[in-house]
Amino acid sequence: MIVVMSQKADSKHVDAVLERLKRAGFQIHLSQGVERTIIGAIGDKTRMRDLALEAMPEVESVVPILQPYKLASRAFKEQDTIVKVGDLEIGGGNIQVMAGPCAVESREQLLEAAQLVKAAGATLLRGGAFKPRTSPYSFQGLEEAGLKLLAEAREKTGLKIVTEVMDASTLPMVAHYADVLQIGTRNMQNFFLLREVAKVNKPVLLKRGASATIEEWLMAAEYIMAGGNYNVILCERGIRTFENFTRNTLDLGAVPVVKYLSHLPVIVDPSHALGKWRFVAPMSLAAVAAGADGLLIEVHPNPAEALCDGPQSLTPENFHALMQQLKDVAGVFGKRMGSLEG
Amino acid sequence: MIVVMSQKADSKHVDAVLERLKRAGFQIHLSQGVERTIIGAIGDKTRMRDLALEAMPEVESVVPILQPYKLASRAFKEQDTIVKVGDLEIGGGNIQVMAGPCAVESREQLLEAAQLVKAAGATLLRGGAFKPRTSPYSFQGLEEAGLKLLAEAREKTGLKIVTEVMDASTLPMVAHYADVLQIGTRNMQNFFLLREVAKVNKPVLLKRGASATIEEWLMAAEYIMAGGNYNVILCERGIRTFENFTRNTLDLGAVPVVKYLSHLPVIVDPSHALGKWRFVAPMSLAAVAAGADGLLIEVHPNPAEALCDGPQSLTPENFHALMQQLKDVAGVFGKRMGSLEG
Amino acid sequence: MIVVMSQKADSKHVDAVLERLKRAGFQIHLSQGVERTIIGAIGDKTRMRDLALEAMPEVESVVPILQPYKLASRAFKEQDTIVKVGDLEIGGGNIQVMAGPCAVESREQLLEAAQLVKAAGATLLRGGAFKPRTSPYSFQGLEEAGLKLLAEAREKTGLKIVTEVMDASTLPMVAHYADVLQIGTRNMQNFFLLREVAKVNKPVLLKRGASATIEEWLMAAEYIMAGGNYNVILCERGIRTFENFTRNTLDLGAVPVVKYLSHLPVIVDPSHALGKWRFVAPMSLAAVAAGADGLLIEVHPNPAEALCDGPQSLTPENFHALMQQLKDVAGVFGKRMGSLEG
Amino acid sequence: MIVVMSQKADSKHVDAVLERLKRAGFQIHLSQGVERTIIGAIGDKTRMRDLALEAMPEVESVVPILQPYKLASRAFKEQDTIVKVGDLEIGGGNIQVMAGPCAVESREQLLEAAQLVKAAGATLLRGGAFKPRTSPYSFQGLEEAGLKLLAEAREKTGLKIVTEVMDASTLPMVAHYADVLQIGTRNMQNFFLLREVAKVNKPVLLKRGASATIEEWLMAAEYIMAGGNYNVILCERGIRTFENFTRNTLDLGAVPVVKYLSHLPVIVDPSHALGKWRFVAPMSLAAVAAGADGLLIEVHPNPAEALCDGPQSLTPENFHALMQQLKDVAGVFGKRMGSLEG
């Protein structure tokens, strides 16, 4: 880190900073310029804010230099991580499509959805049994009954199951049924929950928080990895900006950025990002062109009857057409669509 | 809500929408303009998104008209709510200052902080025993040992205790010691936790999420109120914007807006919003001038030694000086500083 | 538009609103609900804010329904607009790549750049002669000398020239040399300048403002079209958000959205959006997959020696490789790379 | 500035950077850490981006340390600047209120507005003769006829005139009539215009751009000052964020921040920031408590009849009441309301 002293700092102020840095085990490089003194400190960035240097007299600013995450960084592991879900591989040249309804609503709806997304080429089935809803008066999910239906759909189709876990107290139940544990956007910095999923031996799909920087997102991954679970799949799902024609602003630039900073696989959820079905197909294609390892897409047998997020769900026909185009775009990049036949 | 049909909609499309609205119990008003048909539907906005009207053919957009929260709204309760913490009143012409360190670090630090903020006129002691930290490698709080120190400080000073609860699993423990339960900014939409604190008979301090709209913030309050706990204190603590000289952007305009939309008391946390102690005093004074019912301020006996958020903590001297000015500003508006003597 | 009256509104208040709307030529639809009265008004949205209805007693809110732009809207013209630059067509199944240095620096640099981007397949040469710089102490462009070099490069290569016009006073000079007039992001709402370029018989490349909504961007296009110049090319170049690892956040979702709302062609500038050369290629490919009609890319013979924006410029080798991949992605969508041979 | 080399950098890469920095006149401090090499370079930050160091091989990032503005900085001039408008002083313990309608609409409207704001204690009259409007179909201002009415109002009341200049071509005309030249939020980075107003011997009111950082705002002031006009008044008017209940988000924290970074006076425009008259009074009071030197407030004899921005204009009665409270708040801080009697 770099500590910039104010123009009024004298040697007493500088010495106080040097002493604290040395005490904390940092290596020091001192630069005395004409306008001000600048101190370079080589050591553990994660301890930087705790040092409270900015509260010391005549310290003007503290500038971080190194990334605060380690296990999630490309510097720590140069090769791309491939997360295995049974035989399926997320990352490494496969495009895996996770598709299905926003919420599990009924046996009929879910099984129909499962069959149709499988027929179109999806390899994982998505569907919420616990739903985080902005309003306490909205449908909150079928809970365990929903999880059981997901398990039944898996049995019938072979699709792997990805579903959201909302709280540590329901984690054992969700982990019992799910193949991939989804951490929702509102829980990206629910550190209690991150520490708990770290202890479970299942891959985690970590959605980016709606106002999380890429660095904070990777720090959330770091929580899970530091707790012992290295099977983290990142999921870009749109950030909150001033633009409100779309539900969120899909930050597709985050895909190559994350690939550069980290070795973890990254997928994209265009349904929540855009919020309108009409724009889901072009942004799915763009996501693969940008380098994403997969997609999370809302598909409903009958969107207009969906209990949740109907406006952003694809019809079976639209989803089928999209899957064909995805294959062609993947081909341009020497990638292949994932397959349950391995 | 208003449903706007596309220019291509014919009577078949319109009828389908009308039928769905009627089935859901909405009252209908039809406007057939030259350019397009517009349908007004009077009923329960909370069910709006679930209706998935935007997924129906030739529906161009759906525009909400009424607020989705009820119990939290000024329309539901015209008079200002006063939340009682023992004898202390939050709201109703009192300016209550909640002050103390970011984190409980040690017995000595906490008791010293408690005594000094009390001497300066604070009525509640803040201090985290469970700390949500961006990095898994940062100090995470003293947990129950910290809660016990807070209780000891209360005993010694008479100050009420406000402290954060991070998870449903530790809620009973925190509720045992705290006078006010703080829901942190990252948990504003942790709906599991909101439902749990709703069942506890203690006031809740609900921090605004860093990217939450005012409407979403009031919806989070609605979760707590719908669960039976009406003692909600709102806390504006800065939102995330493109400006990065300050830690967040304090949205002080939210204070009169919330007062207009809701009956709940609202306080302001300038320490987290600005992130630099230098700007805490002017923004505290501005908050009271804007109509806030109180403040949440980080004060540390020795900010440069703080284990957390030292750069934004006031020294005892600066806090004391601020309290004098706050009294004068409160006086201009016919308000008084809260007092433990009732 | 929809006018929502407050719960306290009585017939006197409603009548006042009705009278004003009628006077302004609006058609009225009245809905008297249980909770409140809602007035639908069909007419010219562009006059809405001027009516100041929100300043009338007991008017709670005014909600727009129709888009405020007309000439730029898909409703006004259903078929895609193709903007012609000489024989080149922007839109209509061609992917046109506009490439070159940020700033015209010297004869040698520009001619070298022109030759290399032409060899790689670009059809337009970009290069600034007038540069908007955040600092008054930065290089501000070669002005007319730069324009002359652009004209010379055109003569030598056949490439069309796109260059920025910063002010009405220099517009005649820029229009004398340029084939396409670029309106920069900071000038998107420089309404004086928009009205002036509307009078010139040259295509206009209209960059989106860094904090402009899609609606405001289309309104800026409307200014130019209302002034008589229908040859507007929209250019998405990133919006300002809280994320600061990239220079801006590329809003690629705006591409299909604009295609849906408007008939105008839209291109993408990944260089300014990302700000780092490393991410320009993946986002260029993603832009074409999302439906863009072309790209604006910074290429410099030697980025490390560039006087401006070197960090985001592609080297000749990287640009060449990108052009090959673009061709393949365009092919998937049945599009072809633009060509100077027509 | 600090140049951080990548982990793969060897001495050849480092030497190339050192050579370029030395050639550009920077002083060098080299820190060779275990993980990577860090180069401190002391010199002119304004030249930093032009050096394009980030485009050099194995340079990971370049971190600025010093502020890029000079003349506008507190380091350049320690004492507060007082801008004189005739005998009136902006800054230095005076609270100057600039009030009046959004747009000059008619002789009757303007003179009535002038008299009423003067009677309530305002010292400057605001009113637009050239109006930047989002829609080409909205009222665009009375132009020179409006300026003449402003001059007549000045003659009748003694109020100073502040009005917007939108373009260099109309600057001589506006400067002929105005006492203070307003640069609107959309023109904050219209560098042509900034350079032109720098040549005029009149104070400039520089509104912050809706998505401008504080640093960019001060850089815009630097443009004017570098051109020879030191009489710059900064005006915070709200920034664009995701919150859309208010028109913009008033960044009141910018007031103490600007006071800390710069010596220039700063005023606040709560009317445009909030966009609803109801919230203008509390935010005006908060602005003065935060340390603002004055206010820019929209007042209209009859807001419901205003041709522009009626919803955010105060009535004469509300404005009068606000002025009384402002006086009391100013008094708490030992400040006085400005007066035309000097």
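Labels for the chains are A, B, C and D, by order of writing; each one numbers its residues from 1.
FYI, a residue touches a chain if its C-beta (ideal position, glycine included) is under 8 Å from a C-beta of that chain, and two chains touch if they have at least 3 such contacts.
As the structure is a computational prediction, the values presented were derived from the model and not from experiment.
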item	value
Contact-richer chain pair (by C-beta pairs counted) among A-D and A-C	A-C
Inter-chain centre distance, chain A versus chain D - centres from mean C-alpha coordinates, in Å	39
Inter-chain centre distance, chain A versus chain B - centres from mean C-alpha coordinates, in Å	26
For chain A paired with chain C, centre-to-centre distance based on mean C-alpha positions, whole Å	31
Overlap residues in chain C, where contacts from two or more other chains coincide	211, 240-242, 244
Pairwise touch network: line, ring, star, complete, or other	complete
Footprint of chain A on chain C - complex, ascending	211, 213-215, 239, 241-246, 249-257, 260, 273-274, 278-279, 282-283, 285-291, 325, 328-329, 332
Interfacial residue positions of chain B with respect to chain C in the complex	2, 4, 7, 27, 29, 31, 33-36, 38, 40, 42, 61, 63, 65-66, 75, 240-242, 244
List of chain C residues in touch with chain D within their complex	44, 46-47, 49-50, 52-57, 68, 132-139, 166-170, 186-187, 189-193, 195, 210-211, 216, 219, 222-223, 226-227, 240, 276-277, 303-311, 313
